[in-house]
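Consider the two complexes below, in which chain A is the common component and chain B and chain C are the respective partners.
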Partner chain A sequence: MSKIALVVDDSTSMRQMVSFTLQSVGFDTIEGANGCEALEVAGDKPLDLVITDLNMPEMDGITLIRELRAKPTYKFTPILLLTTESQDTKKQEGKAAGATGWMVKPFNTDQLLTVVRKVVK
Partner chain B sequence: MVTNQSAQSKNRFADHTAVAAIVVVLDMLSAQLADIAKDVETSVVCVCTGFSGMSQRAKDALGTASDALNVQSDGQGLDSLVQRIKISLEILLRRIESSRDFSAQLARDIDEIDERMELLLSFSDRLSTLGNEAKKVASVSIENDSQSKDEFIKDLREQVSILAHATTGTGGAIRGMVSGLKRTISNTATRVRGKSNEDLEAAAHSERTVREILDQLTESYARMRTSLTKAASMSRQLNMDIGQAVMSMQFQDRVNQRIEHLLETIEELATELQPYTAEANPNNLKSITDFWMQRVAERSTMAAERTQIQTDVSESDDSSIELF
Partner chain C sequence: MQIDLSRFRAAFFVEAEEHLQQMETELLQLETTPKDSELLNSIFRAAHSIKGGSATFGADVISKFTHILENLLDRLRNEEFDATPELVELLLSSVDVIDGLIRNARDNEPLPAQFEAIYEELIKVNSKGSEVSAQPTAVQATNQPGTKTRFQIRFVPSTNCFEFGTDPLLVVREVKSLGTITKFVVDSSRLPSLPDLDPEHCYLSWLIELESECGKQAVEDVGMFLDGESKFEVTELEQAPQQVEVPTPEIDEPTPAKSKAESPKSQPVAQGKVAESETVRVDRNRLDVLINQIGELVIGTSMVEQDVMSLTDSMPPESLSALGKIVRDLQEMSLGLRMVPIASAFQKMQRVLRDLSKKLNKQIDFITEGDDTELDKSVVDQISDPLIHMVRNSIDHGIERPEDRIAAGKSPVGKINLRAYQQGGNIYIQLSDDGRGLDRDRIRQKAIERGLVQPEDALSDSEICNLIFRPGFSTAEKITDVSGRGVGMDVVRKNVEALQGSVTVTSEFGKGSTVTVRLPLTLAILDGLLVRLTNEVYVIPLLSVVESIAVDSSAIKEVVRVGEVIQLRGEVVPVLRLHHLLHIDEQSDVNQQILLVIVEDQGRRFALRVDELLGQQQVVIKNLETHFRKVAGVAGATILGDGRVALILDLLGLSSISTHEATLPQSVTN
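Then we have the complex of A and B:
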């Protein structure tokens, strides 16, 4: 059975690129354009991975992580922040919210997959 | 002094009107930038969708080729089939060889029977010889008998004569029968040997043919496997290339974010300038705004830009193709 990843980004093209990369290694992907959409799409479905942008309209990545971590289903789900943001304070904020890792855009396919393999069991 | 104040007031109104016009132009520029960002994203999404489709089709094509060759995940397929055909052929050849050996043994057995028939013939010849010798004895006795006139001797002569004739007849009959049997057996042996040799030749020919076909099949299959392996490698390379191309499209995300940041700043500037527009002279505002719009329009070449500027555009942009 394929692993499922939730890809969250307000940029359609970025969602597409991340999904394309994950699908190339066998993931099934579901997508959300912001935190609210992501929560709605996820529902309570078991997820093997979440990759989210930081700055998004309606609900940002940090809030999304907090919301997901509050649900028992996603307590231990690997969540990666993929963002153009490089401020250390934001990074610390992400870590405190429960992010598993932080990657700066633009991402490299191999780097992303290496990180994914590390965090997804 | 009054004149100075009037001039200052006039300049202030003029400045405010210019600012108000600039605010209008800034709004238009913001709309242009937002439109550019949207255009770029739409195009990049189209390109990425196309790339994803290409990648998927490359994978599908490879999958179809693999299915056609019936290549299993463990690498077994036609290889296994060829191997099974070879084993079956070996079994068949062993059976034909066994039949040939059996035929050869049968021919040897027939030869032995033939030799024994020769013995039977010699026995029948001896029987004929004995009959002839008995006839001679009987003849001699008859001559003696005609001289002695003894009845007993006469009967004995007759009996010996009858026995001699019977022996000669039986010997001849046996010889005839054995000769016939010998011919039949000899013919059978010849036919068995001939058939055995024919079968062996046909089997050897069939074996060569089947082996050649199997070799060709194996070679073709190996070539197909090699081609498939190459195609798989090319497909992987294509996927990597596509992946890299897709990843390079991330420039759009960065560009859009930078545009967004610029837009935010422009909007902030417009908001900052907004209070100054209240004192703008409405009579001059349109002409100054039009002046700026015209300047932007002069730099514009595309319908999308002109739509944002909303100046009086004389040429038609309804169609991207026009024949004269």
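Then we have the complex of A and C:
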């Protein structure tokens, strides 16, 4: 059974890129353009990985992580935060909200997969 | 494996252009409000997105240029600079440059002429004040290849690290992958006795010595995915002597804690594929053109049918009927293309309800039914606003405070039910609450105060309730002292009517209210009753038709201030002479029998006088405004099976013409 990843980014190109990369290593992906959409598509489906952008309209990545972690289904799900802001405050905020880790944009697909392999078996 | 990113570049360029457009608009606004921090933030975010995307998709020049711009914008929003007109000018030029850079990257156009100059200028402005790095984040320093460093790593995962999705073993493996492990100690001293052991906690920690060619930074990076409470301390020992490799000890497989913590992941992952039905995005205009064209096909087919019938003077051949059926099926399918579930509109109500009930301190159970009811996409998009109004009204004025509810013998938790269903060619959306209901006396009183009705007017119960939809019935500042409802309900009616729908309310005082919105399944097709007025054919929307009757001309009475009326089972119904309203010559041979079509609109009934009923037919609505201009009393036009144009009557417009005795422009049928 293939694993399912939720990819959240308000940039369509970014979302497609991440999804495509994950699909190339056998993930099924579902997508959301912001936190609200992400929560909607996730429903309460079990997920193997969540990759979310930080800055998004309607609901940002940090809030999304908090909302996901509040649900029992996603208590243990690895969540990666994508950010171009390398400031520590945002990373720490992400951590505190329950992010498993983060990736700093820009990254290439190899880097993405390396990080994904760290958190998903 | 490196994946080809070029396929995503097109999408990135489209996005970048949108961001640029937004930046441009906002920069122009900034000229008038240079201190608007909201605006500055938004401009910054747009630049930031362009930078991130361009770096990812390998558009290095754009990335480099936007990086400087972003720095400048960041300092601008932090109020290190003022947005002087000169600076805004520079920023606008930068937008132009990025636009040129995009075309350069995408279409191989030459670099924009201003590129160098603006770039230099940005750096110059940026270098004022504090030092800002002009280059994207420097690449991490690595040690010289060949020189190995020894590191000591103390790794203490937090007790609850599993909750954050961290698997300590992965971290340990990652360390191992960096070089050679020379010492590996597992500290199990924190492990409690079995009865005290929480299988979801991690009690182990590690002390690792690593020999690696990587720099300290690279080793520290291994720990970056750990939660804040976990420790991952890296100390540089000394340069490793070139010595014989020490065999790496095997890493212990699962701790008791681990296997349990993993279990949620190993649960079957169902749905996934099933939930995602494949979709194709199609431009809305193309879809409309297609649907329109199929509508024409339907008309064309029935024209052929009629021609054949008149030529052969018999029923059309079977082959033609079969073709007609295919065409009608095709039309039905094409209309289905625009259909989407109403769920997305309902979803928004959840949020409205949550926020408002919290704010007003009311407890409300919100139940939705029929989320998968489908209707026209444009209707779904436009129904949200009226729905929000309705839901807000229900919460604000329908549902009582918990203490009042208890006093009224109700459960303290109010109930609001939102349901959608299809009946015939209509979609109904019903919002009911178990609140205090409408207070007829007060509504009547209010309506009289506001001059909407006369004190002597006899109004039916439903007419009183539906007064809340009248414009001017209630305004926001008055509503708090009105026990009923009313804020914005006229707006609801207006919006719903714009979608060719109608809205009504029923209510039981003290027990609750139900607002029902009726919407057509589609805006493209209408079930019509074809009527003849002298030599012209008109279409009356069938949904509004209550009945049609033939009466003796003596049954129609003349009443002062109202005009012609007819008494229909005790109810007085005004009669509209369509000939008169539409400027058509009346037939000279005045029959004793008069044909009346009784229609209902907005809860009001009236009778339309016609010469003949021709039958009912589905007609494709053609917008009159796009081809001619708006005509009062006419909702649109259609082409009949024989090729003739028939006007579709707008009942509401007709009745207001009749009451205002306004004159209608000449009939446009010829």
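The criterion applied here is as follows: the second predicted complex is superposed on the first by the 121 of 121 C-alpha atoms of A that agree within 3 Å, B and C clash if a C-alpha of one lies under 4 Å from a C-alpha of the other, contacts with A are read in each partner's own complex, and residues count from 1 in each chain.
By our rule, a contact is a pair of C-beta atoms (placed from the backbone, for glycine too) under 8 Å apart; a residue touches a chain by one contact, two chains touch by 3 or more.
The shown structure was predicted, so the numbers you read here are calculated from the model rather than taken from an experiment.
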Would chain B and chain C fit next to each other on chain A once aligned, or clash? clash
Of chain B and chain C, the chain that contacts the larger number of chain A residues: C
First (chain B), second (chain C), both or neither: which does A:Gln16 touch? both
Identify the partner contact of A:Asn34: answer first if only chain B is touched, second if only chain C is, both if each is, neither if none is. neither
With the two complexes superposed on chain A, say which partner A:Asn108 touches: chain B (first), chain C (second), both, or neither. both
Using the superposition on chain A described above, determine whether A:Thr100 touches chain B (first), chain C (second), both, or neither. second
Is A:Lys3 touching anything from chain B or chain C once the two structures are fitted on A? First, second, both or neither. second
Mind working out whether A:Lys45 is in touch with chain B, chain C, both or neither, as first, second, both or neither? second
Scan A:Val119 for contacts with chain B and chain C and give back first, second, both or neither. second
Of the listed segments of chain B (254-262, 290-298 or 308-316), which one clashes with chain C in the superposed model? 254-262
Shared chain A surface residues [contacts with chain B and with chain C]: 11-14, 16-17, 20-21, 24, 84, 105-109
In the complex, the residues of chain C that touch chain A are 1-3, 5, 7-9, 11-12, 14-15, 45, 48-49, 51-53, 55-57, 63, 137, 162-167, 170-171, 174, 224-225, 227-228, 261, 264-265, 267-273, 275-276, 347
Footprint of chain A on chain B - complex, ascending: 41, 44-45, 48-49, 51-52, 55, 239, 243-244, 246-247, 249-254, 256-257
Using the touch rule from the top, collect the residues of chain A that touch chain C in their complex. 1-4, 10-14, 16-17, 20-21, 24, 28, 30, 40, 45-48, 55, 73, 75-79, 84, 86, 92, 95-96, 98-102, 104-110, 113, 115, 118-119, 121
For the chain A and chain B complex, residues of the former touching the latter: 11-14, 16-17, 20-21, 24, 84, 105-109
